[in-house]
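For clarity, chains are labelled A, B, C and D in written order, and residue numbers in each chain start from 1.
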Amino acid sequence: MNKVVKNVEEALQGIEDNMTIMLGGFGLCGIPENSINRLVKMGVKNLTCISNNAGVDDFGLGLLLQTRQIKKMISSYVGENDEFERQMLSGELEVDLIPQGSLAERCRAGGAGIPAFFTPAGYGTEVAEGKEVRVFNGKPHILESALTADFAIVKAWKGDTEGNLVYKSTARNFNPMMAMAGKITIAEVEELVPAGELDPNFIHTPGIFVQRIFQGEKFEKRIEQRTVRQRG
Amino acid sequence: MALDKNGIAKRIAQELQDGWYVNLGIGIPTLVANYIPEGIEVEFQSENGILGMGPFPFEGEEDPDLINAGKQTVTLRKGAAIFDSATSFAMIRGKHVQLTVLGAMEVSQDGDIANWKIPGKMVKGMGGAMDLVASADNIIVAMMHSNKAGESKILKKCTLPLTGVGCVKKVVTEIAVLEIKDGKFHLIERAPGVSVEEIVSKTEGELVVPDFVPEMQL
Amino acid sequence: MALDKNGIAKRIAQELQDGWYVNLGIGIPTLVANYIPEGIEVEFQSENGILGMGPFPFEGEEDPDLINAGKQTVTLRKGAAIFDSATSFAMIRGKHVQLTVLGAMEVSQDGDIANWKIPGKMVKGMGGAMDLVASADNIIVAMMHSNKAGESKILKKCTLPLTGVGCVKKVVTEIAVLEIKDGKFHLIERAPGVSVEEIVSKTEGELVVPDFVPEMQL
Amino acid sequence: MNKVVKNVEEALQGIEDNMTIMLGGFGLCGIPENSINRLVKMGVKNLTCISNNAGVDDFGLGLLLQTRQIKKMISSYVGENDEFERQMLSGELEVDLIPQGSLAERCRAGGAGIPAFFTPAGYGTEVAEGKEVRVFNGKPHILESALTADFAIVKAWKGDTEGNLVYKSTARNFNPMMAMAGKITIAEVEELVPAGELDPNFIHTPGIFVQRIFQGEKFEKRIEQRTVRQRG
């Protein structure tokens, strides 16, 4: 089942104003750089973006904030981003903050046909407002619903022509769950290999979850917090 | 004398037990990793998907694909494992992580914690904190006893939006170790040279003070 | 003449569309894999954890660690992927599998299906059938029109314990292709040489028969 | 964090009468053979076993049925087993049948701190009896609860001293979820390797889920349905 598209232009065809888009990544690690740059060029507007973070001013989702293409962010941790702050405080940008574990599980649930589940996270806080509370084993839990998206855009290390994906190290993060939850899932990979080159036993995202795959042209892979120790 | 951040971390490190998996929050908690007691083996979980997190890399060996939950470049220890965010919080929610250490803006005598939002100010989000505090059986808060205005952060009731309710069991500040039980703070230890009176005066919440309050052994 | 099992499988194979992921149940459905139309590429999912299931292995190349959901030794196609049972049913429940083909003891005109239990007899369990029928948008049942006693299995109402409700869209038997909509069976095709009268007489459920009923083209 | 125990005897210490035990495997594929044999020798009784299948008469869980050590089976598909049939029909054995996907998800939920979730599987059937029904997106779903066990026993291909596990091919099946759901999880592996030998990026079960690990003495790996094709 060949899922390969020529390039980022072809991969992102069909993304339109007002759509909901999931984007993998944690901080700037494992984000679909090429696709984000392309979204800026496409100029699609009023997007709802589901992503754990919102990039920095001049990289990642920050770029789409600069151009005011995002109407709403659904994230667990934002900031590190002046333009984001300005838009949020002025009310230009809607922000829905979700506990990180609930965000991950809600994306997985969306891809797995689980419409809702109970979690203890957020009970007693404003996250629980308007949500059903139920006690299990003496402990209150809140009911959280599944998240899906018109398009999910994920970034993998290697991918094959069938859409099977392998991530590298902590660039995995939210990518596997978001790959499951997109009506159409687009994978940008550092290296596109023929079917059969990836070991079937060590595939992180089976190709069934991926509709389009392409090899990204360039990956900057910016480091957000360069921390090192001295030798010897 | 009140402790510095490293002192707080050092005191918290004494709570570690052999064989524990531990999640350290950003800030003071991160420093705990530098003071693991001799003969104790613990494994650090980072909620972005690492078990067996190691120290920062040597200069030139930073890998942009290998960061911790604070977005800092890190390394892996021998025997480490990488996983996705859903699996990471399965570990946390499922109580497979034995200890969570995190910072706070306020803690109440009921064990409530507030550490993610100041109304009217920029809100950065709760990240994984709500999942961590709602799930862990064993949560230690590392914080300063007072805020910059000199007001106590050890309160009868939190004034800021909560991160979790009734979850904090122990608080370590620059002047004291407090346990929370039966809706009260209990003074367990004081920092070397810090008087009980000072701690009492800086604590807004109800504080139970035993006859003898030992000094921390650092 | 009524079809044999291979004929039923061949007819169902005509329903396949290029690019589909397909889950085939045990029995007749398994045979569908032998009749994939030219120019069509489909991928078989086996709910024990395979995407891209291939044919049986050559003798001597059986791997006890590589079986399908029928516990048969199989092989992997190029580009296959292995996963755990939770992920497998995430694919199924999440509607990532485009077609499910399975057998049945009874089907009703409301699309109900019974295929896992006969009260008073040994019950082997539903396996993955309940997940499959509750989730798939596109379910084809492969079955014989009547049971061994000659009684119709195409019913107004199922008499056996249900596997799922209102889920079956199409039934292919040895004599007919039926569609289910608006609470009725609709006769779409008849097996070569089989009369409409025979089909009508063997169908207990309400059957809508158009003026012209084409023969299956096999 | 060294999780290694000497042998199967040490690994299974603490398993007692009336406990609930999860056992990985699908059919006879990926079952913890050495541990099952040891359970027979230990003679623990009145066990509740959670396992997708129940083995065959003389292999796998069938052995524990022969010795009448099992009080209740929680499975999705049983049979292929005459003694099982006899005990079930005579009422000696309680059997709780669960849709396979719900079984997998309930084990995962148990390990992941999700006390309950909604699934469409089983709605309108006897599986739904007594369970809450709720409609999401126009479709009825039933509320299923998490499963946990006093001990989970899983079988892996390779494991390291820290308890990290790698499964081989379809012997993976239920093992990863059950590893998550045991209060104490025991892993029997074909090959025990030093920490650092398994690639951290390709570990199926992180060691945090495993409390005890040992290398099994002998693996028969019986094939249930040997199907082959003729050479060209």
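Here is the rule we go by: contacts are C-beta pairs under 8 Å (C-beta built on N, C-alpha and C of every residue); 3 or more make two chains touch, one makes a residue touch a chain.
Here the structure is a predicted model, which means the values were calculated and not measured.
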For chain C and chain D, chains touching each: A
Inter-centroid spacing, chain C versus chain A (mean Cα positions, whole Å): 36
Inter-chain centre distance, chain B versus chain C - centres from mean C-alpha coordinates, in Å: 55
Chain A-chain D separation of Cα centroids, rounded to whole Å: 33
For chain C, residues contacting two or more additional chains: 82-83, 86, 89, 92-93, 135
Contacts with two or more other chains, residues of chain A listed in rising order: 105, 108, 112-114, 119-120, 168-169, 200-201
Chain contact topology (line, ring, star, complete or other): other
Those chain pairs that satisfy the touch definition: A-B, A-C, A-D, B-D, C-D
Chain C partner contacts - residues on chain A that touch it in the complex: 1, 108, 110-114, 160-162, 164, 180, 195-196, 200-201, 203, 206-209
Chain D residues within the chain C interface of the complex: 26-30, 52, 75-80, 85, 88-89, 95, 97, 99-105, 107-108, 119-127, 157, 168-177, 204, 221-231
In the complex with chain D, residue positions of chain A that touch it: 105, 109, 112-120, 134, 136-137, 141, 145, 166-169, 200-202
In the complex with chain A, residue positions of chain C that touch it: 19, 21, 41-43, 45, 51-52, 76, 78-83, 86-87, 89-97, 135
Sites on chain C touched by chain D in the complex: 46-50, 55-74, 82-86, 88-89, 92-93, 112, 122-131, 134-135, 161-166
